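One chain, subunit A, links the two complexes that follow: it is found with subunit B in the first and with subunit C in the second.
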Partner chain A sequence: MKSIVLLSLLGVTSMFAGVFNYRKLILPIILIGIAAAIGLFVDQWGMNKSFYQMAFFDNYAIAFSCLLLSVSFLIFTLALYHYRKEGDIVTDLYALFIFALTGGLLMTSFSNLVMLFLGIEILSIPLYVLAGSRRADLASNEAALKYFLMGAFATGFLLFGIALVYGASGTFDLAGIAAYVKAGKDIPDFFYVGIVLLIVALLFKVSAAPFHFWAPDVYQGSPVLVTTFMSTVVKIAAFAAFLRLFNYCFTPLASYYEIILTAAAVATLLIGNVTALYQQSVKRMLAYSGISHAGYLLIALVVMGASATSVVFFYSAAYAAASLVAFAVLTAVMENKEGRESFETFKGLAKNNPILALCMSVAMLSLAGIPPLAGFFGKYFLFATAIKDGYLWLVLVAIFNSLISLYYYLRVIINMYSSADDEVPAFTPNYALVLMLLLSLGANLALGFYPDLLMGLLG
Partner chain B sequence: MKEVIQGIPLNYYLFLSTVLFSIGVLGVLFRRNAIIILMSVELMLNSINLLLVAFSAFHGDAKAQVFVFFIMIVAAAEVAVGLALMVLIYRNIKTLDIDFLNKLKW
Partner chain C sequence: MKDIAWLLPALPLLGFIINGLGRKALPKMVAGVIGSAAVLGSFIIGLMLFMHVHETQHGEVLNYYRWLSVGSLVIDLGLYIDQLSAWMILIITGIGFLIHVYSMGYMSHDAGHNKFFAYLNLFVFFMLVLVMGSNYPMMFIGWEGVGLCSYLLIGFWNTNTNYNNAAKKAFVMNRIGDLGFLLGMFMIYYYFGSLDYQVVFAKVAGVEINSPIIVGIALLLFVGAMGKSAQLPLYTWLPDAMAGPTPVSALIHAATMVTAGIYMIVRSNIIYTFAPSAQTVVMVVGLATSIFAAIIGLKQNDIKKVLAYSTVSQLGLMFMALGVGAYSSAMFHVTTHAFFKALLFLGSGSVIHAMGNEQDIRKMGGLWKKLPITAWTFLLGTLAICGIPPLSGFFSKDEILLNAFTANPVIWGLAVVSSLITTIYMFRLLFVTFFGKFRGTYDQEHHLHESPASMTIPLVVLCILSVFGGLLNVPEIFGGNAWAHHWFGEMLFKPALGGIEHAVSHSMELVLMGVMLVLIAIAFVVLRNKYITKGAVPEADEEMTGFTKLVGNKFMVDEIYDFFIVKPIYLFSSALYYVCELKFIDLIVNAIGDGIVGLGRLFRRLQTGNIGFYIFTMVLSIVAILVFKYFVV
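== the complex of A and B ==
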């Protein structure tokens, strides 16, 4: 809880940076603040503190919060590189990032549906603004409006679901709802409708099919740093909330909604991977890749149970580590190629910037799930758990989709290692980019070679 | 007041809210003007408020009424952000018809 307060204050500090003229200092302050927030969370490990039945910091909440904070730490390091030439408005953007992050932390630690709703909104509202933060750019405007309308629409479904669940159980408290479901005495039909509406709203938020259509447009139109934030922090927070809500409350009713989640998982995998095949923009391809990874995570949700939490945690960490590298290289390349983002833009990167090309290759291979990188172990644990619980056919579908995904991940690598007239010029990345790449690549390799680092955490 | 609300069966409130909610959903799906879509979203949220208040009265529990305040506040914040975005877009393309927002496509 202390770290949530700390982060809110950090956001306010960042908002006033423009007024009191300490703009140059703000990024170091933010980085120190986030590191302190991680420290405060780690300090709470195992204590299971509850705050007025609104937020409950068990190990699950702390692990996911620390993951979100670490990812944001790396994104702010990337900001140090990406926004190094920008002027005034950047501190406002940082404040919005931090407020969104605070919402994400609430989504991992809620123990009351009110908190879930507020967390999702605190996460989303700053993001609507961030998506439109390149004001003169029509694509950014369009992304912001689409994200806003779709987000508000999804909020409607979430609230209707919450209202129906409340109407049946008479409480917003997760423990109360869990007790109500467990007792299972004359549950009215509209309670099940409520669960389905909650699923719809959360599928919207994690950008899973058939509610994924907004994601590629929004990811492509938003500024690249915001896209990085959306495809890592927002996705992980939404999954953490999804898993927490359903694991806590509705597991005894799994037989009723399992079919919906299974169908959504298969559809998400197929649509995400097949559509990614014929994309021209790498940014948009990464958006579809994010959608397909949401499909893999949905399989973990179908399988559920205590083992699913550690699998989802490991998978999200591996996915975030690889995505961060990919987006960092994309940022650097776009900056040196007048903001273009097609596959062809990457031509000649290996010749002129071999290190960056190597980083990108590692990221792509990790996303595709090639051993010994983190992405492989994420998939391995996921598939092993699913097979153990008797979902062999689902695993076969997922493996088939992993094979499809190899095509578009390798396409990036092939483009980097081929030459063209219009190549990426040689440039020296600044210290922030180097630091960020080192940290996320390190995380990627560490998780690949010592998966037990995170696997054992949540039991 | 509670007696008045409870004088009508709960199902009627459920039906009314569901109908209002569906009108809102249809509005979002079929209207093309961004402001009308925003109004439809508001209609969805208000149908939920109605439902929550009804449930609250039937359960004899004030929690849902407090939740309604939260929804109103968040809706106000959303409208503030949404209208600002629309002003931004209107300045750039001089229309709020969402069919003109078609730059992002494969």
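== the complex of A and C ==
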């Protein structure tokens, strides 16, 4: 709880940075603040503190919160690179990032449906603004508007779902709902409709098919830093909330909604991977890649159980570590090539900046699930759990989709290692970028070589 | 002992790394000294280990690291130091060191000098792993490693396509043998549940003699040995391997690597002792190879080819000895052969060096006066290989012949024929090369010079070893105590030893020696008359007719293999390619790829960018889910 308060204060501090003119200091302050928040969380490990039946900080909440904070830390390090020039400093945007992050933390620790709703909204509203933060850019405006309209729809479904569940069970409290479901007496039909609507709203947030349509347009239109934030922090927070809610309340009814999640998982995998094949923009390809990874994670939700939590956690961490590198390299390349983002712009990168190309290759291979990188073990644990629980056919579908994904991940690598058509200016190395790449890459390799670091954490 | 034994292979590996990484930066002199010093260091450690084994009289397993532990399969990175491995270590590092020194002179003008030393060190490393490993997988690692180095060094001058082909041939032929080795290991693991020498050998002692399992294992391992030690029918790569620089021929393709097959069988002697029918196969193959290769050697005119066939023939003789159960005699011959064959190859290298890369003995002659050290050492090497007493070859060969006679007089007779042919082609080589008139060009004649000291000193050292090497194992009949015989006796499976030692009376032994020596003397006189007194020169290739031509063309074995094996495989391969691959597999694969890309195009069209459509699909999906849940299921 202290961390959430700290982050809120940090957001306010950041907001006033523009007014009281300490812009240059703000990023270091934010980084220190986030690190402190991680420290406060780690300190709470194993204490299971509850706050007025609203938030419950069990190990699950703390682990996912720390993951979100660490990813945000790296994104702010990337911001240090991206907004390094004078006049770029946009402190109000940082404030919005931090508020969104605070919402994400609530989504991992809620123990009441109201808190879930608040968390999702605190996360979403700053994001609508952030998506449109490049005011002069038409695509950015379009992204913001689309995101807002569709997000508003999803929020409607979420509220309606919560209302129906409340109507049947008479409580917002997760423990109360769980007891109600467990008792299983005279559950009315509209309770099930409520579950369906909750699923729809959460599928929307994790950008799973058939509620994914907003994702490619919004990811592509938003500024690259916001896209990075959306495809890592937001996605992980949404999955953490999804898993927490269903694992806690609705497991006895799994046979009811399992088929919906399975269908969504298969559709997400297929649409995400197959459409990614056809993209010309790396940014858009990464958006589809993000959709397809949501498909893999949905498999874990179908499988559920205690083993699913550690698998989802590991997979999210592995996915975030690789995505961060990919977006960081994309940021650097786009900056160097006047904002272009097609596959062709990556040509000649290996010659121009071999380190950057190597990092990107590792990230792509990890996303594709090539051993010994973290992405491979994420998939391995996921598939192993699913097979053990008897979902062999689902795993076969997932493996088939992994094969397809190789095509577009390797396409990036092939482009990087083929020669450029025109001369490109040399990259200027930047300590923040190097630090960020080093940390993400180190995390990727560490998880690949010592998967037990995170696998054992959540039992 | 455990503290220093690992250094033995580590030093050459370090040398390889230094020379490999610094091949562009290091001066030639430094690279040569590093390479040689690494091997010398190993040799000194090897001596210490040898003395240690000498004192303790038993082998010792040194486990450093558990490499694999999967189910019941456990593989340790361990070393096994016993009489056999200590002996092999001294041969490998001792002769290896001399050849490194020699190479400093021989390769001094070569642009790839540093790379050459890196490869040589890598070879020594793998060879040491091969003989020092404490289990079959370790042996296999070394086995494959030396194969790799052999490939790299045969094709060292890789701008020459023929040399590259020779390297490829060596690799492929060895792979055939390796398959046998691998299958043998699989069988061992399947039936004995381990690949560790100690465990396996203990279990072998419990099986029935000549049971199909043990015979199968013995034969499969022997297939591996056939490949590496160039026995019929897998020998054809070794003569071609002479494409590599001469020090390589001396070190790898004469003194050390090709004896790996012998080492393997001696190491597994208990397996062969329990599989007498496999032993018979080893004996027959060895004897056949020995005679066959010797006959081909009669009509070769390339100085290195003659020596190469001679190596194949001598290896055959060693396998024959293994086949009659004379393990220590085979090891003794491995040792003396390493001395004099390395000497002969280095001598031939000295000749080639002096002749400006000419290898055809018909264009040499009369080199005696110009290259005195080379000529003298070559002469002594020839006498040693022919088995003239009291040189080393006499003792080792005599022991093999004696064992053959004990087993069966017919085997002895055939082995004598093989030895006699050896004598003939060796004297022919010696006489044609060093005696008579010089037959080369004017330029070559004026370029002739004795090689530098870095090359002649190893020659002299090897010459001394070739002359006195027999002292290691003087038989009782000459008042010796057969030291090497007892040395190896310690590590051999005991029943394998019995019976042979006193089966032949001393007088019979003398008669057998006498027969051999008389035959050698006759051959010497006849050949001297032909090549020195009459000054005959071997006929040119076009002049060869009939059987001579067949022998000169190596019995057309390469052509036969090409026609009956290589061509059909190519044919089969292209049939698979043009029919199966292009007509079926490609079509299917491309259809799948096109299908998925087509699907992608379809899905992309759904992404219209129209937000009204997006929200419509969202609502439609919710309706569909609810309808499905309430009206379908």
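What to note about this one:
Note that the second predicted complex is superposed on the first by the 454 of 459 C-alpha atoms of A that agree within 3 Å, B and C clash if a C-alpha of one lies under 4 Å from a C-alpha of the other, contacts with A are read in each partner's own complex, and residues count from 1 in each chain.
We take it that a residue touches a chain if its C-beta (ideal position, glycine included) is under 8 Å from a C-beta of that chain, and two chains touch if they have at least 3 such contacts.
Just so it is clear, the model here is predicted, and its values are computed rather than measured.
Within the superposed three-chain model, A:141 lies in touch with subunit B and out of touch with subunit C [touch as defined at top]. Note on subunit A: of its two partners subunit C and subunit B, the one contacting more of its residues is B.
Of the two partner chains placed by superposition, only subunit C is touched by A:404; subunit B is not.
In the superposition on chain A, A:196 makes contact with subunit C only, while subunit B stays out of contact range. Contacts of A:260 after superposition: subunit C is touched, whereas subunit B is not reached.
Residue contacts after overlaying the shared chain place A:456 against neither subunit B nor subunit C. Of the two partner chains placed around the shared chain by superposition, subunit C is the only one that A:210 touches, whereas subunit B remains out of contact.
Shared-chain residue A:274: touches subunit C; no touch with subunit B.
In the superposed model, A:167 lies in contact with subunit B only, and not with subunit C. By the document's definition of touching, neither partner reaches A:28: not subunit B, not subunit C. Once the two complexes are overlaid on chain A, the subunit A residues touched by subunit B in the first and by subunit C in the second are 145-146, 149, 153, 216-217, 275, 278. Taken in their complex, subunit B has these residues touching subunit A: 10, 14, 17, 21, 24-25, 28, 34, 37-38, 41, 44-45, 47-48, 51-52, 55, 58-59, 61, 63-64, 67, 70-71, 74, 77-78, 81-82, 84-86, 88-89, 92-93, 98, 101, 103-106. By the touch rule above, subunit C contacts subunit A in their complex via residues 596-597, 599-601, 603-604, 606-607, 609, 611, 613-615, 617-618, 621-622, 625-626, 629-630, 633.
Those residues of subunit A whose C-beta lies close enough to touch subunit C in the complex are 145-146, 149-150, 153, 157, 189, 192-193, 196-197, 200, 204, 210-211, 213-214, 216-217, 256, 259-260, 271, 274-278, 404.
Touching subunit B in their complex are the following residues of subunit A: 114, 117-118, 121, 125, 128-129, 132, 135-136, 138-139, 141-146, 148-149, 152-153, 155-156, 159-160, 162-164, 166-167, 170-172, 190, 216-217, 220-221, 275, 278-280, 284.
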